[in-house]
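After this come two complexes, each holding chain A, first together with chain B and then together with chain C.
Then we have the complex of A and B:
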């Protein structure tokens, strides 16, 4: 602890590296932010976190302002409230009127919260609106408030620098070098830009193509990603009204700081879930008939055939003529059962998981 | 895995993934982390951004080399030489942790003697890495307090894979880089539940929890617990099993793996599969192996069932059902219980939670874990010996799990098949970011297909030029075991004399080419080194008909 400051009348301790925003967050005092993401360095770009520091003529950005001993901060005074209303009204004047179909709508939520006027007219957009051919990331320049969270994420977290702020003045936008498609850049399609964007300017193209389902209608099921061994926690966003019993329509990461992946996902974890309801999925047990053709059978018949076939091999030879290949893609419980099946039911240690090293 | 069990007493990452951001010296070897473990790579990038030193030892100029302080671009398969030379430097320059060695290890004198033959200057000729780089890396490693080593299949997929792991473990033990946060030896696991499958005993030599399957005391305990008598003969490992298919192995049960796409030297395996008497396959798609199956059981995917996965850092986490399986598909655990019952084994287990409870009952290391706790507390890292134990982020605090860390002298042995006149290139195989293993899932994903639609082979521009190969040409890659066709990608990411290709593409199966020679301990095959040659396939109508090869 390196001293204390007062925020909205509360005496709060300061820790090394603290900003006004981090002290307030620890105390549960909410200061609105748009360009802030705990995974990124502070930018002070969006101006929505301005607060009043006693004795200073100008408002100060809580995200970049170092917490100092004895500081007296007000986050709720009329001057701050008025600033927020004006700021949000200005953002909305340079923004489509409707909420985004897909992606974050933090900007609109905040405008509602602070009671920003919506009648400040509408600026004519001068931004380039091209559509990138990649399958995943859609960028709607009209919704961009140039907070550069996407650009900073691409630099500071994913570190591939595929996108950057480009152009000047009212033409400023987010772009790739030479306006290339993301597919022809260093972009790894991780979708972190979508995840961090507060306005829905960066959004999932798939949602737009298929018809986005509003988040309120989606049920999030927390589980562990099924690809590599990092064990990222993912929220499968399920639309219960789709398919038979529900369909995964989106994958998101839990909050930064809460799980091993710290809010991040890779291209496979975030986007590669279509296989779940692919038409090629096996849906019926199959047994090869005398003619060598696979035909559909009942579970009973298939299981009988499987058991008889394995037992017959054991009878003809011995248990060690059987081999059991288990799977590093399946669960602990299932791997336990395969080795128990090999050892306890058939009597052989010929059992190995597929990724043996 | 076996290498670490022998030397440290536990085959797993010694540290938590979240500790990577605080590491001051990262040694990444045989791991293309940004492609195979993108989220772990983010932590590494964060550490480097903060000022950590990164050294990458890899035959390829992978992405991480772009932000590395040094890239030790060794010739494929010369890892032991490189690592021994680093150890030699540490010893010669007096940078060992004498206290740690005295207190926590055994066998140091034997190691010391064995290292005499591996000076950095001599390493240069064998590995291709400048001696000064080897010495620099060794010094920095030995003298940085928070130093972590990260490796993947580039270390283990060799006939000397266990030797490689031992050589890494020697570096760790001689410098005392163990038992502290952000400091240790970390195998990054390729699949979601490699760690868990090992933990659960899907191994020919270990029952659950790394308890030896040939230890009479362990066997007796499980015989009491399961109420049956258990086999005492050691089982065949996967590599041995695949070689015996059609020979000693006459019947196979395969769950969730496409052996025909994933196992090395697949032509030989397919000959065996033609002779096999019975094969049961349990999977979510019809894969290449399905052609040989007598019974195919449709299984549920990860999003359609309950259970747990254990990640690389030993963290057990819940898997939850979000949607029902399609059609009549069922969770693997249900199928297995029904199959066992029909084979005369009726087990009183009816939920994944109950199965998990039985698993931990006989394994002291996991005894404190349960679905209930995971539900209440989120993921937990083993060892977790009792229900009040908070789990273990980093291993070996205050001493090794094995008691004493074991130094293992490792003489350098060349890879089984080296480049020669007939096959002058060295072929390595691996994964890409945009696909996954047999790619039954990822190749059905349109955006991934768009980004990486077809099989390719990386070749150095000068090797390509010498053979009249231009970027985008179709080339034939052949080894003593088979040949495939793929598109040439000219890149300096590979060294001269080396080519690299991904394993994901069924129409260009890398494993028709790979060598099935296995590591002496684990049986892991030498996917990373075999001798190959390439030639340009003339376009149809370009003078002569295309060479005969497998249909695309």
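Then we have the complex of A and C:
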């Protein structure tokens, strides 16, 4: 599709597959959204992106509305702004008064931005608060606005479908089959639901238990995840005021669309960072002395010792007595080098990688 | 089911938990909590059932307001059940639907109308000669649509949308296959006309569907009946067997039973439900005529709309148009509440409340308020009794004809209770998908309850207008847009019910 439409008086070109929201975003016109995530299909469920389309009696969701030639859209008229204020006031009336522990909530940010009234009172909570024994994901039904980003993420990105919208009317909530623990479902505990949640309804259990550090105090350090060879980029969220030189208190993914992992992480990448500060963690090479006791040595010394041992085996039993197994945590280049080492340096084809079979 | 269908478990659970008849909650007996049923002793029935140790729960309107109070056992709606029967059943330790108590045919009228004065004619025997279908075949599709246009037929499910616009759009849609869907998920409180049509004139419904399918080029007809309509479904299936010889051989009819969710009467929620999902209305556009069942062009019509089609085809559009007074055609008006002969009356569109009351044997007591089109239309005071009951006139006074489920209340009725019935109904039947409706319905309900109980929540009532505005502007579907009507109309026409009463606090500031 080609052509143009008008948004807030600006003539804007339409590209194939465009929605009103995507055209506006390219032009820098901000339309508030809560249920939108660029990784997911549009849902139109949160109603925050409603805009006025000339000639139509009802407001239209910008995220689902296909951009059409000649359309005239208004995103700033009083009707749209009144709708935003009222909508956010209703959300807040059905929500805990305080921000979540981490402080970050797209819902509260938006309520501030649109000037939503805060004096509409609070409704009685009708939703079940369940405690799930899994170690990672906590769901606070009271903070949930039912935008279903988590449900759609679990379906459309992870293809895991562990959770769904359940119940009806005031009891509508996010649930697993038969309200079972996530541990007894197809859930892989990737935590993508936490990442996409705009309100903090889905959150990291460990943050709740240890006391979350405010996002503003965290410094993000970008690195490559070491758990496998995919090369996901992760942001280590470092609390500089903790420990010596800081402490990693959370791992998040860079913004969707910015790195190879497109905002996604797996259970290890997101949650398995406690080893960083664990007392059992090896931080220097160790070599056994004649008495069998481990002592700290330099890398050069350790590598010399390993080479010596390997060459000794080769001398005594021939190269075919050696075998090299590399790890799926190595990159492709590292795996290449391991087989090169086996074949060229030691002269054996006995090389393997743990993910090869 | 997840194993059989390979659908994800959570999704199956999520869909199942949406429909109250599918919930595994051990409920043996459901008692209708609609206003007409409560006026006739539903509360006492529910209390007796619970006292007797039965697992009994209130439920939303069962489309049997004319035989109130209505009770549901095993998906069969029962009438004439008294507290004594309930106690006996409880002592016997078993509660089974009783065939002789099943709600079948209610009161209808007018009795002695000539053949050419009514479009549906509930009194006449069903005919299975297929004359209208044959006539339509001879006319050809464009001429049939022209007749529908000339007739001025408006959708009788509630929205009053011109039928020919949908027919033409589906016929002209290029994508194949196309479908025709019958909306028989009758659930608007005070409405039971579709039940009467299905029971008495299944021929009209099936012939109308066949004409529609033939005209728009659909090879499949899907009939979605509310789950409590097991008997209407059986009668429709029997009628289909008798009709088979004159129906196009390759036209497929599929039956779908609802599972207890008012919102599935909204056409796109209904399509979702047929597809096996939670009955959550879709975002429009696109509309079903373009993107309907399984994404294909689909013509969705209410039972009454489709039942008008055979006579329009046989007698011509202008004939149908001439039947109406202020708008085209006759209309099945349901009337219940405090009236002598609650029932279904086919009268010219634009009939007034007084004329309808006369047809139904008159008021019990003096009229105070009425809902002209179910809960979605709110309350009007007695002074509006001469407003023509049609789509345009009622819209002008801030109400709506909707499904023409008229509920009348006398001076003795507790209007505040009737208001709470409707607010509770919308809160429970909201699909929960969008915030304006999900939170708005709760907000309004709690505002009225809070004002009554003096919990300090009273000031919420002063925001009712703003909440209603938001529900109207921000909701995805018509349920949310209509759900504020009971309260806004009560505030406008009956402010006294919110005023101080003995033992209660003052009115809203």
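Assume the second predicted complex is superposed on the first by the 278 of 357 C-alpha atoms of A that agree within 3 Å, B and C clash if a C-alpha of one lies under 4 Å from a C-alpha of the other, contacts with A are read in each partner's own complex, and residues count from 1 in each chain.
One rule holds in what follows: contacts are C-beta pairs under 8 Å (C-beta built on N, C-alpha and C of every residue); 3 or more make two chains touch, one makes a residue touch a chain.
Remember, predicted model here, so these are calculated numbers, not experimental data.
Student: State whether A:285 touches chain B only (first), chain C only (second), both chains, or neither.
Tutor: Only chain B; A:285 stays clear of chain C.
Student: State whether A:193 touches chain B only (first), chain C only (second), both chains, or neither.
Tutor: After superposing on A, A:193 lies clear of both chain B and chain C.
Student: With both complexes overlaid on chain A, does A:73 touch chain B (first), chain C (second), both or neither?
Tutor: neither
Student: If we overlay the two complexes on their shared chain A, which of chain B and chain C does A:347 touch? Say first, second, both or neither.
Tutor: After superposing on A, A:347 lies in contact with chain B but is clear of chain C.
Student: Applying the document's definition of touching, compare chain B and chain C: which contacts more of chain A?
Tutor: With both complexes superposed on chain A, more residues of chain A are touched by B.
Student: Go through the superposed model and pick first if A:222 touches only chain B, second if only chain C, both, or neither.
Tutor: first
Student: Classify the contacts of A:59 with the two partner chains as first (chain B alone), second (chain C alone), both, or neither.
Tutor: A:59 sits against chain C, while chain B stays out of touch.
Student: For A:94, using the defined touch cut-off, is the partner it touches chain B, chain C, both, or neither? Pick first, second, both or neither.
Tutor: second
Student: Shared contact residues on chain A, chain B side and chain C side combined as an intersection?
Tutor: Overlap of chain B and chain C footprints on chain A: empty.
Student: Under the definition above, what is the set of chain A residues touching chain C in their complex?
Tutor: These residues of chain A touch chain C: 43-47, 50, 58-59, 61, 64-65, 79, 82-83, 86-87, 90-91, 93-94, 120-121, 123-124, 126, 145-146, 155, 161-172, 175-178, 185-186.
Student: Which residues, counting only chain A, touch chain B once they are in their complex?
Tutor: 133-136, 156-159, 183, 188-190, 206, 221-233, 236, 238, 243-248, 259-262, 264-269, 271-278, 280-288, 294, 299, 302-307, 309-314, 316-317, 319-357
Student: Tell me, which parts of chain C touch chain A in their complex?
Tutor: 2, 8-15, 17-20, 261, 278, 280, 283, 285, 427-436, 438-443, 446, 457, 459-460, 463, 466-467, 469-470, 473-476
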